[in-house]
Amino acid sequence: MEIIMSVAIGLMFMAAVYLILSKSLIRIIIGTSLLSHAAHLLFLTMGGLGGIAPPVVSDGVTVNDYADPLPQALILTAIVIAFAVTSFFLVLAYRAYQELGTDNMEQLRGTEDYE
Amino acid sequence: MMTFYWVSLFIVSISFTGLLFRLVKGPTVADRVVALDAIGVTLVSIVALLSLIIETEFFLEVILLMSILSFIGTAAFAKFLERGEIFDRDPR
Amino acid sequence: MSLVFLIFLPILAALFIPLLFKRLGQIHTGWFVLLVPTALFLYYATRLPSVMEGGTYVSELSWIPSLDIAFIAYLDGLSLLFSLLITGIGALVVLYSVFYLDKHREQLHNFYVYLLIFMSAMLGVVQSDHLITLYLFWELTSISSFLLIAYWYTRDRSRFGALKSMMITVFGGLMMLGGFVLLSIIGGTYSIRELIAQAPELAEHDFFIWALVLVLLGAFTKSAQFPFYIWLPDAMEAPTPVSAYLHSATMVKAGIYLVARLTPVFALSEVWMWLVAGVGLFTMVWASFFALKQKDLKGILAFSTVSQLGLIMSLLGVAAAAYHVEGAAETYLKYAAFAAIFHLINHATFKGSLFMIAGIVDHETGTRDIRKLGGLMSLMPISFTVALIGSLSMAGMPPFNGFLSKEMFLTAMLSLQEFNLFSMDVWWILFPVIAWIGSVFTFIYSLYFVFHTFAGKHKPDQLPKQAHEAPVGMLISPVFLAVLVVLIFFIPNVIGDWLVKPAVAAIQPFLYDSPQSVDITVSAWHGFNTELFMTLGIFAIGGLMFWTLRKWQHLYDLYPDPISLNRLYDELMVLSESGVSRFSKMYMTGFIRTYLVYMFSFVIFIVLLTLFMTDAFRLNFDNLAPIGVYEIVILFAMLGATVTILVSKSRLTAIIALGAVGYSIALLFVIFRAPDLALTQLVIETISVALFLLAFYHLPQISRKEERMNFRFGNAVVAFGVGLTMTLVALSAHSQKALPSISEFYKETVYTEAAGGNIVNVILVDYRGFDTLFEIAVLAIAAIGIISMIRLRLTKKEDQHENK
Amino acid sequence: MRTNDVMLQTATKVVTFIILMFAVHIFFAGHYTPGGGFIGGLLTTTAIVLLMLAFDIPTVKKVLPINYVVLTAVGLLFAIATASASIIFDVPFFTHAYDYYDLPLFGETSLHSALLFDIGVYLVVVGVTMTIIQTIGEDE
Amino acid sequence: MSNLLLFPIIIPLLFATVLMLFPKKVYLQRLLSVIAVVLTFISGLFLLAKVSADGVQAVTLGSWPAPFGISMVSDMFSVLLVLSSTLVTLFILFYSIPTIGIRRERSFYYPAVLFLMVGVNGAFTTGDIFNLFVFVEVLLMASYALIVHGGEKSQMRESIKYVLVNIISSALFVVAVAYLYSVTGTLNMADLAVKIPEIEAVGILTVIAILFLVVFGFKAAIFPLYFWLPGSYFAPPGAVLALFGALLTKVGIYAIMRTYTLFFTMNIGFTHEVLAIIAILTVLAGCVGALAYFDVKKIIIYNIIIAVGVVLFGISQMNVAGTEGAIFYLIHDMLIKAALFLLVGILTIIYGTSDLRKMGGLMKSYPVLGWVFLVTAFGLAGIPPLSGFPGKLLIVQGGFEGTHFWGSIIILATSLLVLLSVMRIFIYAFWGEPKKILPVDKARYYAMFVPTVILVALTIVLGVGAELFMPFIEDAGEVLLNPSLYYDAVLKE
């Protein structure tokens, strides 16, 4: 299963990077969302998918049957952080559009040509 | 009993796939929103069946949550489609 | 009194200068400053008798003992000689400057502060026994020279010259530092004396040659040797006292000092000898040749300085050869070091006076252009006399000190025939021949300098000012130096015994154990030998060529400018501005996409490279979870939704599809037994979708018209690379699980020790609660960030550049 | 265009309370079964969002006059305070304490200082998400 | 066990939170934030005393045994960085009061700065790789808030790029931690340091090490991951720029230094060679940028990148001289970059532009500013006896002693380019014919200038009084080179 997951995650990374490289800001933001999704799934996969029971203490489940709880906790943290960042990014895009009147990254050239 | 769950799961999945097709295909946004709402329902069923299969009660919260969210989500989308915005800024 | 303290005395004095300038502006600040070098000169002079006997003084002040860095002032023959030069000429120059610089119009406090800093720095260079502090003072001389050259900083040429000199000398300094560090690694010490003590062992080391070359880079840049001399002519933008002091008598001799000081360390290497002698000699002939091309009085003197420095340098190279000859003290080779030091002293006297005269001419006529000058002889008789003495000494004519050292220089060059190592037996002849050619040109430009200024026709209409003799005060210093020029000719052996021999003993400790054992007597007449005939030849040919100078001087204009070294420097500076700028613009496009492509490509490249170089890729089919139908279905749903995002043209569709991906992931979390994750993912996905809808209400439809095919193709390639990289590493990382996870501990202790049941939640609030604390901090920061982003809108006009 | 929201509003009135109850449940359940401060907080937010959806922002603000930034800060302070309490007892930061009590109505319950920390998390999550939604929602 | 080492993190966190309660009370905000930073600094000093007396301090939070809870570790290296970053923040705080503008102050400016400090100090102190991620996110989030703070057009444009790049690097961070966890099963750095040498699968660990280099390289702005930096740093106001320039990349450098000395040491021949090459390329790329622009901010911004390369070159040598040099240079760079950015900020305010071509002749009207700038410029270029010198000397020595002769030569030669780039500012802005300047209120000028001068004075103390600091630097280097000091302190806690 882990192999299939790894391939699928690779595909998600591909999609995410492809979106991030496009010109439209909203596609870029969606791309970053996908990127963090992929990263979280990858973490879960790396922890191993072999658990039989959720990592919650209950009767009749031996210690070895639990899914690995640590990646889950870390992913939870990462999800929340990604949420904070994504919402920030969204608002930034929203404000940038108000301020600059475009969401095309080509038109958002930097000040590099400034001398 | 297990067989029953599996068969149900299979059937629900077929409808899930169909809805997914509708979600992808569109053609109008309204189609997609309806599809999404229905997907919410099928998801609830799937999770319920799954927790029956793997014999755990810990996903009940998930089920409840899904139905709540599905409700809110559909309401939000509907409002968005109708008015173009989700929250009214002025009191009605 | 501590010698180290004395080094810093000028800097300490400098602290009071601005105060004196402000409070006692009526009195020329220079008078106060004059006290410092005079006092120091007198103090150092009292050390002469014992140093003459071979005595040394050491004083130490530690700076960074942990790094073994200390100020060690070490006074032996060589450093004492230089210290006397620095303070002596310094005093004369300060005296001269009192009359040269107007106390009302000039920023005197700046000038004297720089000058005093320079004095300290220079004393530090010649007295430091510690390589690192030597480097410190070395850079300080570059900096003070930079400030002094740009003293009139509103002039473009001043700033240009200042920067040029600093760039070149600091470059040399940095390279020299590299050499010093190498030396310290080889020898295990920064102390020059200790390095000298273990010189033969040092030469064995691989780094030795590198250290040598790097140190020489420092010496050559500072002493304006070919091809680094180009900064010196431009440094003439400095006020003339500065040119006389820094750029002829002292700072440029720091390189000479360094070569002399380190000769015992490096002389063992033939590379040293070849480089020092060869570069020196070449510089001498090159600069003397081009001195005649100059139209600016100070330009001529600058080239002449370069040439003379080359001469001294080449003598030091020959002095190093003595190391390779058995019983060198018995051969003519012994003259080289003596000649070097002797000429150094002589050069300081005559060149100092010449610079001061050039300054006087500039001051009194308003120009330094030799084409406008002429016939000043009758108007400025004293200046003319001084200039004549200086020039003839420089030309190597008796009865001036230059004659003596020039003769000795030829002797030393001829002595190379006694030296038959390194295939010198064939090539030695080149040295005296080149030296002779250089001397001829030296002769010509000396005459050119003095006669084209003072003889010939007076052209008052071309001069900005009515020319007249300089005030007496301004003449004191040059006259004094001119007297010395003559005096030394008559008492060369006094100078030799008191000043030169102790220095020679310091340069060649392998030949002499005390200054007394230097068995050299200078005499003006030593019979009809080769040197004498060469000198006569110089006079004859030089005189002839000077006579016909007007006929052939224009040939210099044929020399193509574009290939000159100055041009190279200019090109380099242009390169460092617009060239680099253009280069930078090539890749700094300002498009974030371009940057991302670079970055992603790098990630792909470096990770895959590592993966294959270290042979890290493994695929292990053990220990895998079984493949379930539902997982596959959900994965397909997820990927399907992802594809939908990719192809969708409508914002809303893309957002919905993103939501679908999120929900699929929540389902995967369900299947992989992660209820907490599933719950969180579900709610967060919902809220995110709501936010997307909120924020993107205003945004236009996704437009992909302008995305051309190759644009998309490039993106696809990069994207594929990233995906591939992630998958490959994931597969190998999972296949090489080496150790059991620490999470076993949580599973075992959660109920008993943490009193919880939901392990994930207990990890979040207890085992790793710290993470959670800062995770909610992140949330809080996001909140304040978003609020201020929405509420705080400083329009461009109002808050431009933080000015309100 | 005036639309009729009666159905939505009526349903919301009921559903909001269901969600809030659920949120409280899931918050307290967190230590033993899936749930916890995060999810509880997020669910509470959804309840409020639902209110906003069905009614309008000013109305909701009138009903719930909360400055969400302050709420966030208070939540954060709560969390810091819980974590820092251990400094007073000179044990490593973040050391939790717990004990079992026999409370009427609830039966045997464990009181755990981690729960206090979780309250902080809960408040922050509600505060932050609501801040974000409200600021964007209100922006013209 | 000592909770002391948490104070530099908790104090600003607490104050930042409190400040969130009343954003509009500007005077109280100023006062409390200064108090917070001063308290942090004092606690840092206590910590320094403790660490230098008792060695590495560690506490595993929640009283759990070491690899299972989160360990916070203060060795000399981290204490020094905490202290210098706090100090820098203090002066930048003083500088922001007259420059940042009342409207920014009323809009959570100070809490954001304090949160940034929480993140920076936390990242310097943590002993857990995932916790490092969290702290990095804290500081990134705060930096996002600061970079858009004010919402000017250029800020908007550039912060999109900044946020985007950092989101990518954060995602990679999670991925890298995932890989590391998969192979080693642990997250505690001390535990990693013990376990990694036992693992035979060196190849995959090397790959992970390189991936971490990339992740931290994004933050540290190494070649070729620095592209986001010049544009992004250009946008925010002077004080924020100084804060970023002095602190943000340093966290990335710290992370590289920590991981590459503590546990990614299984394949030094490969990883550290790569690091050295990248470091040199970074220096060169930085030089190109520093020379290419006629803009005071840009020039200093590119100098950040050069310094990154220099420090990383030092640490890549894995010998005493290189390591101590890297530590010294890192601390020097924090102070001097902050000072330079503040100076350049003053210039920008005086001229109303950061374009060098529109400047000139300031020496007449602001001579002291000119001298201070000149000294700082020399300090940056590593002219002795200023603070850049000892670090650079040691790094060069380290390179020679290691196997990177040419690396050291390049470091030396590029010092010249650094000097050229800053002297260009000096020559253009202070010398030449005077150009138009904006009137600046005297009181406001001194409010900006005094903190700057004190900061510059500190850099001079760091250089001239290097001996005062060398024992600490040596201690710090010792821990970096002997990981056992580190993990023994954590695991036997």
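General remarks:
Per-chain residue numbering starts at 1, and chain names A, B, C, D and E are given in the order in which the chains are listed.
In this section, a contact is a pair of C-beta atoms (placed from the backbone, for glycine too) under 8 Å apart; a residue touches a chain by one contact, two chains touch by 3 or more.
Quantities reported herein were computed from a predicted structural model and do not represent experimental measurements.
Path length between chain B and chain E in the chain contact graph, taken as the least number of steps between touching chains: 2. Common neighbours of chain B and chain D under the contact definition above: A, C. Removal of chain A from consideration leaves all other chains as one piece through touching. Comparing the CA-atom centres of all chains against that of chain D, the greatest distance is found for C.
The central chain of the assembly on a C-alpha centroid basis is E. Of all chains, the one whose mean C-alpha position sits at the greatest distance from that of chain B is C.
The mean-CA centres of chain A and chain C are about 49 angstrom from one another, to the nearest whole unit.
Chain A and chain D have Cα centroids separated by 25 Å.
The mean-CA centres of chain C and chain E are about 27 angstrom from one another, to the nearest whole unit.
Mean C-alpha positions place chain B and chain C at a centre distance of 71 Å.
Multi-chain contact residues, meaning those touching two or more other chains, occur in chain B at positions 54, 56, 58-59, 61-62, 65, 69, 72, 76, 86-87.
Across the assembly, chain A contributes 20, 25, 38, 40, 42, 45-48, 52-54, 56-58, 70, 74, 76-77, 80-81, 84-85, 87-88, 91-95, 99, 105, 108-112, 115 as residues in contact with two or more other chains.
Counting partner chains per residue, chain C has residues 581, 585, 588, 590, 592, 596, 643, 673, 675-676, 679-680, 683-684, 686-687, 690-691, 694-695, 726, 730, 733-734, 737, 741-743, 746, 756-758, 760, 764, 766-772, 775, 777-782, 784-787, 789-791, 793 touching two or more of them. Per the contact rule defined earlier, chains pair up in contact as A-B, A-C, A-D, A-E, B-C, B-D, C-D, C-E, D-E.
Chain contact summary for the complex, chain B toward chain D: residues 58-59, 61-62, 64-65, 68-69, 71-72, 75-76, 79, 82-83, 86-92. Residues 62-67, 69, 132-133, 135-136, 139, 143, 150, 153-154, 156, 159, 162-163, 166-167, 170-171, 174-175, 177-178, 181-182, 184-185, 207, 210, 576-577, 580-581, 583-585, 588, 590, 592, 594-596, 598-599, 602-603, 606-607, 610-611, 613-618, 726, 729-730, 732-734, 736-743, 745-746, 766-771, 774-775, 777-778, 780-782, 784-785, 787-789, 791-796, 799-804 of chain C touch chain E in their complex.
Taken in their complex, chain A has these residues touching chain E: 20, 25, 28, 32, 35-36, 38-40, 42-43, 45-48, 70-71, 74, 77-78, 81-82, 84-85, 88-89, 92-93, 95-96, 99-100, 105, 108-112, 114-115. The touching residues of chain D, when paired with chain E in their complex, are 69-70, 72-73, 76-77, 80, 84, 86-87, 90-96. By the touch rule above, chain E contacts chain A in their complex via residues 130, 133-134, 137, 140-141, 144-145, 148, 151, 153-154, 156-161, 163-164, 167-168, 170-172, 174-175, 177-179, 181-182, 187, 230-231, 234-235, 293-295, 298, 355, 357.
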